[in-house]
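Beneath this line is the structure, given in structure tokens, with notes to follow.
Read from first to last, the chains carry the letters A, B, C, D, E and F; within each, the first residue is number 1.
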Amino acid sequence: MPQPSTFYRPITDECAIFQYAFAQKLPLCLKGPTGTGKSRFVEAMAERLGRPLVTVACHDETSAVDLVGRYLIRGGETQWQDGPVTRAVRAGAILYLDEIAEARPDVIVVLHPLSDHRRVLYIEQRDEVLAAADGFHLVVSFNPGYQRGLKELKASTRQRFVSLAFDYPDVDVEVDILVGETGVDRKVARRLSLLAQKVRKLDHLGLAERPSTRLLVDAAKLVQAGLAPRRACQVAIVESLTDDPDVRDGLNEAVALAF
Amino acid sequence: MPQPSTFYRPITDECAIFQYAFAQKLPLCLKGPTGTGKSRFVEAMAERLGRPLVTVACHDETSAVDLVGRYLIRGGETQWQDGPVTRAVRAGAILYLDEIAEARPDVIVVLHPLSDHRRVLYIEQRDEVLAAADGFHLVVSFNPGYQRGLKELKASTRQRFVSLAFDYPDVDVEVDILVGETGVDRKVARRLSLLAQKVRKLDHLGLAERPSTRLLVDAAKLVQAGLAPRRACQVAIVESLTDDPDVRDGLNEAVALAF
Amino acid sequence: MPQPSTFYRPITDECAIFQYAFAQKLPLCLKGPTGTGKSRFVEAMAERLGRPLVTVACHDETSAVDLVGRYLIRGGETQWQDGPVTRAVRAGAILYLDEIAEARPDVIVVLHPLSDHRRVLYIEQRDEVLAAADGFHLVVSFNPGYQRGLKELKASTRQRFVSLAFDYPDVDVEVDILVGETGVDRKVARRLSLLAQKVRKLDHLGLAERPSTRLLVDAAKLVQAGLAPRRACQVAIVESLTDDPDVRDGLNEAVALAF
Amino acid sequence: MPQPSTFYRPITDECAIFQYAFAQKLPLCLKGPTGTGKSRFVEAMAERLGRPLVTVACHDETSAVDLVGRYLIRGGETQWQDGPVTRAVRAGAILYLDEIAEARPDVIVVLHPLSDHRRVLYIEQRDEVLAAADGFHLVVSFNPGYQRGLKELKASTRQRFVSLAFDYPDVDVEVDILVGETGVDRKVARRLSLLAQKVRKLDHLGLAERPSTRLLVDAAKLVQAGLAPRRACQVAIVESLTDDPDVRDGLNEAVALAF
Amino acid sequence: MPQPSTFYRPITDECAIFQYAFAQKLPLCLKGPTGTGKSRFVEAMAERLGRPLVTVACHDETSAVDLVGRYLIRGGETQWQDGPVTRAVRAGAILYLDEIAEARPDVIVVLHPLSDHRRVLYIEQRDEVLAAADGFHLVVSFNPGYQRGLKELKASTRQRFVSLAFDYPDVDVEVDILVGETGVDRKVARRLSLLAQKVRKLDHLGLAERPSTRLLVDAAKLVQAGLAPRRACQVAIVESLTDDPDVRDGLNEAVALAF
Amino acid sequence: MPQPSTFYRPITDECAIFQYAFAQKLPLCLKGPTGTGKSRFVEAMAERLGRPLVTVACHDETSAVDLVGRYLIRGGETQWQDGPVTRAVRAGAILYLDEIAEARPDVIVVLHPLSDHRRVLYIEQRDEVLAAADGFHLVVSFNPGYQRGLKELKASTRQRFVSLAFDYPDVDVEVDILVGETGVDRKVARRLSLLAQKVRKLDHLGLAERPSTRLLVDAAKLVQAGLAPRRACQVAIVESLTDDPDVRDGLNEAVALAF
């Protein structure tokens, strides 16, 4: 059953790097802020390489057991149920662990023998060693800006991955994305992107995170639905970036200049 | 079976924004202090859009399992029981997660694939991917004032939502609400609302939270039951806002001026 | 089977306030230090209103499950067992949650839909919404002095309750209570109460809590049993209030002046 | 089956206070440092009053469930097993909770309805209210010196108890105890007690706790077994009180002066 | 089946003290740094007294349940399994709790009634009181140097034990041990011991712990296997004592002077 | 079934030390930073000595139960399942606990009786003492640089091991490894190694960890796959070592000088 190809607009040579790493069985780490297309990139590469994709969004409580599998009791018998990592290893899938730095430390240990020359998964509870099927490839992502001072990947873990840095696209690329995803008028798209570029440089505002392309897409969709652009920017961009009245006023001024 | 329409008095264009966001499948975040009508607004919009409403009041220990579902043991067999998010996803309901910032971090991860173009729910324990039924819409609320310095939504999560700010109503609207909900005399209602407006501006009192319309409704109800207005304000408003004798005296003076 | 009426001596208009709040279905919060009769007041009002009373003494580990109910395994089947809140909701009882600020945060969430216009209890594990029977009324207590700087009710929760402040009784009322509860000689009772009044004002002693009427009742009972009043005050009052030798000496001097 | 009477040497009027409190059903709190005979006192009073004694040594993890009881699974059925408090309540026993301040906070809540006029035990898991049998009496102990700055009983809990302070005995009493318990020569006993009195006053040594009569009993027993008194004091007293070489030398000098 | 006698070389009168304490049923606490022969001493005394020995190495998570026993589910029935303390109490064994200060606090409480005149074990889960069989004796160890500032035995617990201090042996004793355990040349043994004596005095190096006789035994064994003494000292002693390059250089100089 | 020999290039006398320690049954501790060949060394020695190898990658939550084994419920019966340590002890295998300092403290206690003259494993849950089969040998690793200030092995545990320090190889050895593992051109390999040597000395960059040979292997593989050397160094080395823009620029300059 053919899947529609995922829309992905390459920025530099990231597709080539992915393919080299895949060919050499080198695990990949995608670094960069929210909304810079890391997940979409992995989806597109999985399609291009013809591999199934298994995605896990990691969080504070993601543990090795969640990933590898667990015993369930059914009909008085304990039955084993594969977790997503085990499924990916068996199927030779691209395994994408999103925000890996969020996960509990035992997750890293599961990945060690999968990320080096062994390419095996130890399933401790079953006392089983599972060799990764051909085509299995490990990809992780993390957000260095967000993690600063909080959670970090151990340096020794970092060294197990080839690393690709992602960042916000420049205006031309971003306009392509906005038009491609929402059908919004090209001029509105450009104004949205220019507004975002401007806000991304406003370091003195102390925003916890800069506006992603995702926010612009939301604003463009509201415009397409009929909302005035200025109001769309307020609810999709400004109110999502801050709760501080002064910062909000500053951002709203920037919006008013744009539209 | 027709449901009586929920009483909701719009403040600005929030109903339009909700409808645009619903049409474009953009999840919505309602920001604002306690008692500004966020929950009632969601109830009213669910009715207007003809969608069932599933509400979850989040707290410190609300976890993904609570929302998605769990296995129970019945008659020696494990049986799956849907949680409220799963029910909402299946039914195409409006899902309202009240005070989302209170919940445990794994909840956010459940919401990620529901809040972007995928609109799916991963049920890890069942190894199932559930596509949201038509009409499903995700709405969350949080209270920026209360959360300050404590719990915050991650900036990267905030960017997944179109955001609407709520605040206390002005006097005319508040009087309408008081009369509409309690049948209290219009003059008493106005005095109550003016009292609240005054107290909401008394920053130097150091109140943890400003008086909501809910407190005024309580006071109005006690007046309707026969209690003197001044005493009603003391027990419904003053004693609920503070335990500090000096602040209490200050508030009681304001009450004495009002009635 | 008629129950003997609980002895309760009203201080001001607290019985009227309780009745107004009950009539208007407004939940009630009783604030005040230990031993000022809050529990006894609720018992008396439940009798007067002819409602059953369900009391829960909350502590650090009181959770929603403790209050709402849980599944037990019996004969290989899971059976549901109602908790005290569920029993109160079904029976239309007065539900009294003593020291509510001590409980775990998920308890507050259980109370939200019970404390507003919905008057329902969500039983998540059973996926059941239970409407409160007629006569159900929610009453909570907390001790602002003790909690200071430690545990507080969230301001947004406080606004869900009409609040009544309790304090130590004045001498005449306290003497009535002592004589009524212990049969002690009226003169001894008066001396005990005057001693307590004096100690309650000794801020410079740094007592963690001031002596309650309960302590006086204990001393009076020991006197009735035959112990000398001075010694009764030492073991029932002084040694219960402090372990500091200097403070103890100061309090013992006050006792020696009284008897 | 007659039990041999426990050896207990009263210090002041503590036996009378216990009996008055027992007669008036007032719970009792024994305060004082380790090894001052609190436990032995309770044993002796239980014998004198002809009541069974149930003792619980509390610690950091003593919880309500440990005290009240729990469900066990036996033969596929859940069976209830009484905990020590429930057994004491049913049997009308003296219930002695040693070092109550160590226990978890939910223990205090269990004790509240047992310690006031209700004299009942709420068994939440069974939804049962158990009235205390005649003769039930609640006694707790805690060590104010040890607890200082660490764990304290809440002031509101303290006010539920009549309190008796215990301290180290004076020389004559202590010599009686040493001779009575070990059969040691009266002169050796006196030297041991005088040594202890001296060390108890050496505040500048910074000992975490002063030597109890128990240590003297140990030393006396080693002497009775044939060890030289000076060496007996070293291993039974000095090495148990300190690991600091300088403090050890200072204490050993005191021992050398004594023997 | 006769057991070969454990090699133990007494330092002072520790064997006599153990026997007196055993005769008088006084529990014993062995204090001292790692590798000073505490465990071996207990083994030797158990043999000499003809008692079985039960050893438990305590750690951060050793709990009362680990020691006393627990219910297991077998064939649908819960069956009780004795823990090591219960086995020792039934068998009249020497019970040796190594590094007792590491264990969780509930362990201490289990030991209280075993360590005083009662000599009983409360098995709470079975509601059983088990009297210790004749010959039961409680011995604990802890390392005051290591624990400093971290974990301590409560002073009130310390007073329940007769205490024996252990330290590193002097050169002659240590040489006997090295030759006896490894068969190494007496001259090499003396050089190893003199090296250790020297290092044990180097306070300015800031070593976390001084070299034990165990390290010397390891070095001697490597020498016996054919490794050059200097290299044997490096890998068995120096690299085990420090990871700091400067400290390592200092220690290696001391090694070079010795061999 | 013959296994292909593991490629391992000895640095100094580490193979001899391993063999002496193995012969004398002295447990071994491998110290050193990530990627210096500790794991590969153990694999090679296990092959050379003809022993099976059991490897456990330790992490924050590795507990004694994970290592020793646990009871599982199967068909209503509890069945015991050996953990990796128990399997190694039974099989006389080399047991390699990688990053032992990460594990929970109860793991250390399991290792104590395995690491001294007893060579036994206590399986508490089965009340079983298992003697290690001939050929069993315990090897652990830890990373002193990474652990600094965080997790440390207790000094008393360190003294149970003969210790071998590992460090990055010098250029000639590293070139051999790069060519041997990837087939990269010898000149490129030399440039990669010289680049790494240079970066390893750049203390002022504040890198959390210095580049390991593993990173060079990754870069060499990407070069072999067709990527330009400079770009290969950027994604395999620079982006894996830092997220700081300034540090990245500095490293990229070093790369530009190398290629």
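The rule we apply is simple: a contact is a pair of C-beta atoms (placed from the backbone, for glycine too) under 8 Å apart; a residue touches a chain by one contact, two chains touch by 3 or more.
It should be emphasised that the depicted structure is a prediction, and the values quoted were computed from it without experimental measurement.
Residue numbering shows that chain E and chain F use the same positions for less than half of their mutual interface. Computed centre separation for the pair chain B/chain C is 30 angstrom, with centres defined by C-alpha atoms.
Distance from the chain D centre to the chain F centre is 53 Å, each centre being the mean of its Cα atoms. With centres taken as mean Cα positions, chain D sits 61 Å from chain A.
Multi-chain contact residues of chain C (touching two or more other chains): 73, 76. Arrangement of the chains shown, judged by which pairs touch: one closed cycle in which each chain has exactly two touching partners. By the touch criterion the chains form one closed ring, and its order from chain B via chain C is B, C, D, E, F, A. On the side of chain D, the complex with chain E involves touching residues 33-35, 57-62, 66, 72-76, 81-84, 87, 102, 143, 146, 207-209, 211-212, 214-215, 218, 221-222, 224-227, 231, 235-236, 239-241, 243.
Chain E makes touch with chain D in their complex at residues 13, 16-17, 20-21, 23-24, 26, 29, 31, 63, 71, 73, 76-78, 104-106, 108-109, 112-113, 116, 122, 124, 127, 144, 152, 154-156, 158-165.
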